Each structure stands twice: as structure tokens, then as C-alpha cells.
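In the part that follows, the structures are each spelled out as C-alpha cells.
In the two complexes that follow, subunit A is the common piece, with subunit B as its partner first and subunit C second.
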Partner chain A sequence: MKVNVVAFANFREILGKEIEVALPAGARLRDLLDLLAKSHLGLHEEVYEPTGALKDTAMIMLNRVNIDSQGGLDAALKEGDELAIFPPFAGG
Partner chain B sequence: MSKDRDLLRYSRQIPLLGEAGQERLSSSHVFIAGAGGLGSAVAFYMAAAGFGRITIVDCDSVEMSNLNRQILHGMKDLGRSKAISACESMRELNPVVETEPIIATIEADNIDKLLGDAELIVDALDSFDARFLLNRAANEREIPLFHGAISGFRGQATTVIPGRTACLRCIYPRHPRSTPSPALGSTCGIIGSIQVNEAVKYVGGKGRLLENRLAIWDGLASVLEEVEVDRDPDCPDCGSYRGR
Partner chain C sequence: MMIHIGPEDIPLEEIIRTAKRPEVGAVVTFLGIVRDDGIDGMEVEAYEEMALAELDRIREEAMDRFDIRSVDIVHRVGRLSIGGDLVAIVCAAPHRQAAFDGCSFVIEELKRRSAIWKKELSAKGDRWVSGLGRRPIDGDQDSGG
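Presenting the complex of A and B:
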């Protein structure tokens, strides 16, 4: 299956603007990030805490809804899914 | 201030909003949370546009390190309350506007009193913990929240319309701890201007708001883009349990 990832800000510097990724059926978000991290230096540190949890500075939307309510790193992906990854800016 | 002078003051924007739209601005009460970098751009442009009543809240005093971006305040304001300095600057720009400074930290147990009868909330804060208080209050009161935030050359903005759009917690169920981030005046100006533009459009009934769209400004690349977002049905602040 193929999914599409659009990256913003610091994630764009690592991934480029948009990337289509081929994944085996049954893949989860963690599999997608791990696959991307193999070919994109710096992504692993940008999305994962040392504990393996997703960083609070990495927001990921799966089909427009935050992945936190869709299983987080265990969110199941399917053909044609659209993902967006961006940081939360917090200053004022 | 005479009506003729008001018409002259707003003569270049009345063609955009109509006299009725300008009247609606003039009778609106807006609550600006924060008189820092974003709050500076927001407050100046809201006062200039003629929002009738502006409440601005900030607990801090002006420091030298604020002056690279917080253009509401100047050297004479060092050590003074930001909220009071902000209101003086707004009144100097547009004495028609009624301004109310509040020196306070926004907290769960005072937010209702601080908001009073405000009809619009502008988020010019620097922490997500406080932003979520605004988010919840906007949802409970069913009034719009114009969100903005910055870091360095980058920033984001969205407009939360309770019952119609994703709220802040839908988009950011997790958030980073507050740490001082690099801050540039021009970034504050861009994001703050977007927030005011949204508020003017909302009150004037014009255009297409940033509803279910998160605008992301990348000043390093000079690119403004959007991420489409949807409400999270399980969101604790606006989700389906609220019956909408």
C-alpha cells in the first residue's frame, strides 16, 4: 500500500515537502516513521524520545485527525492515507 | 469623537466592510490574552481597525529583552506593566477605542471573571497550558478563539469556531513544555496580523476563515501553507460528549 506524507517546518528540512511511501499491508505509524528514518538522517531524533515515545514536538495528523486519538504510534495505516507532520510552535 | 471623524478614520476600510460592518467592529468586545510580541501586533491593528472595546491581559512588566519585538512598549515603559503600557499605546493610536488593562495571570479559577462579556478571544500567549484555558472557555461560551503562536522565524495560526471546527486540543493533544523560544518581531507581526485579519473577517462576515485549517508560516523559506484538520470526536474539550 502507499501513503502520502506532507512535512512542514523542521520536518520539511529532513523529509522534503511531500513523500509517497510504499508499506506492507498492515503497517502502522511506527513502521512508517522507522522506514522513513532509515533513509532520512535526523528524523529519528526529531520524532522519538529516548524512551521510544513520540515527542511532544512532533504533531502528526492522519487523514486530518491527530494520531493520538487513533492509536498513536500503533495507528493502523491503509492505502491512500494522508499524513501531515509539523511542530507545535508555542511562543507569543 | 464625532461620527464624521470616525467615518474619515475608517474611510479606507469601510469599502471592505460597509458602514454596518464597521459598526459591528465598533460594538465588539475583544479579549486579547497577552501583551507580548503577538499581543503587540494584535493590539495595534485591532485598535487601529476600531474594535470598540479591547481588554488586554498580561501579568508581566516590560523588560529590555522584550523590546526587539514587543512594539507596544518602549524605553519609557521599562519596569511598567505591559497591560497598562499596551492600553496607553492603543489609546494613542485610536482614542475612540475603549481599553481595559488587566494585570493578571490567566488561571482556571479566574478566567471567567477576566473574560467578562468578551465576544472574541485572541490567543497571544506563550504557553499551551494557558492556551488550553482559553480553548475550553471559548468552547464553553461558544465564542471564537483566534489562535496564534511563534518560534523564531516560524509560526502558526488557526481560527476555532466552537461547534464548527477542530479546537486547539484536537490539533495539539500533546504540547511541548514552555521554554523561552527565539522570537523575532517580524514573525510576531505576520502571525498577529493573520489573527486580526481573521477577527475582522469574522465580525465583518467576510471571506473564508481559517476554519479547520492550520496556517503554518515558515519565514526561513518565506512560505505560508495550511494543514487541513478535523475535529477529534473524542476531544475532551469539544468532542462528541458535549453533544455537538
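Presenting the complex of A and C:
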């Protein structure tokens, strides 16, 4: 299956603005992040605490809904999903 | 009423002129500009679809919460110079207190909820401004409004 990843601010500088990623069926968010981290230097450190927990400064939306309400790193992905990753908002 | 995110200059006078209607007795304007905190300028980016939808929700909440007649919100993106306009909120109401309250509500909610980011540009090194985080903290230290 393919999912679309959009990234902003410091995450855009690492990943690019938008990329399409192919994943095996049944993949979860954690699998996607791990795959991306293998090919994008610095991503792992921006996303994960040393404990393996998601950093407070890595905000992730799956289909524009915060992943906290969708199982967090265990959120199941499906064909055509849009994942957005960015730091906490800092407008104004 | 205008909700807009873009690189263009903010047409503030035009927005204020449009906000002046017969039932309006007060127009409060907040204009956030790029402050010189020892930086050369600022780069602003937005997740536009998400930010615009949230700004629209914020406007609706302000209209429900306060006795106001219109709210305009314009946020610039792209590279901005020191002193450049960053964000404008124009809030019109029959009476001044509602206009002040509405304007204050909108800018505070915008800072907390809109998908917009700022990078301070400096010869010493560029720096993404830290946002309010998933666990809100009091105040933020940035060079914007």
C-alpha cells in the first residue's frame, strides 16, 4: 500500500515537503517512521525520545486527526492515508 | 470577512474600511510584526488547508462568544523582514469591550491552534521558533506578534 507524507518546518527540512511511501499491508505508524528514519538522517532523533516514546515536539496527524486519538505509534495505516508531521504550532 | 494566508502585503486599511458598517461602533486591530531580536528576518510557513480550517473555526467561536459583527484574520508566509507585517486581526463590534475581547481571543487562539511555523534567520544560524507544545506552557519567546 502507499501512503502520502507531508512535512513542515524542521521535519520538512529532513523529509522534504511531500513524499509517497510504499509499505506492506498491515503496517502501523511506527513501521512508517522507522522506514523513513532509515533513509533520512536526523529523523529518528527529531521524532523519538531516548526511551522510544514519541517526542512532545513531534506532532503527527493521520488524515488530519491527531494520532493520540488513533492509537499513537500503533495506529494502523491503510492505502491512501495522509500523514502530516510537524513541530508544535508557532504562528502569530 | 477575510480569512487568508499568503505572502502578499496585508491590505489593512481596506479590511478596516470593509469592517466599518452602520451597526459598528468599534474596530480593534491587532498587527503582529517581526521584531528585531538580533535576527535578520523571519521565514514563515503554514499547512494551509489545516490552518485555514482552524482559523475559520476560531472566527466562528469568537462570533459566538462575543457581541461582535466581523472578524478578519490575515497571516503572511514566506520571507519577512524586520518590521514587516506578520499577522493582522480586525475585529468589529457595536461596543469597544467586545471588540477588544474578540481580538484578544482570536490572536491567542491563533498562536495556540493554527498550523503555522516561524524560523528566525540570523548570520549566527537559523532557528525554528519553539511552539507551545503538546503540553501547553505559559508564554513563548519568539520574534513575532
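Operating definition for what follows: the second predicted complex is superposed on the first by the 88 of 92 C-alpha atoms of A that agree within 3 Å, B and C clash if a C-alpha of one lies under 4 Å from a C-alpha of the other, contacts with A are read in each partner's own complex, and residues count from 1 in each chain.
Operating definition for what follows: a residue touches a chain if its C-beta (ideal position, glycine included) is under 8 Å from a C-beta of that chain, and two chains touch if they have at least 3 such contacts.
Note that this is a predicted model, so its numbers are computed, not measured.
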Which of subunit B and subunit C A:Gly92 touches, first, second, both or neither: both
Subunit B versus subunit C as contact partner of A:Pro24, first or second or both or neither: neither
Touched partner set for A:Ser69, first subunit B, second subunit C, both or neither: first
Touched partner set for A:Phe8, first subunit B, second subunit C, both or neither: both
Comparison of subunit B and subunit C by subunit A residues contacted: B
Touched partner set for A:Met59, first subunit B, second subunit C, both or neither: both
Subunit B versus subunit C as contact partner of A:Ala84, first or second or both or neither: both
Those residues of subunit A which subunit B touches in one complex and subunit C touches in the other: 6, 8-9, 12, 56-57, 59, 61, 64, 84, 86-92
Touching residues (chain side subunit C, partner subunit A) in the complex: 32, 44-47, 50-51, 75, 86-87, 107, 110-119, 128-135, 140, 142, 144-145
Parts of subunit B lying in touch with subunit A, wherever the complex brings them together: 34, 36-39, 123-128, 148-151, 154-156, 170-178, 180-183, 188, 212, 214, 216, 218, 221, 225, 227-235
Footprint of subunit B on subunit A - complex, ascending: 6, 8-9, 12, 54, 56-57, 59, 61, 63-66, 68-69, 84, 86-92
Contact set on subunit A toward subunit C in their complex: 6, 8-10, 12, 56-57, 59, 61, 64, 84, 86-92
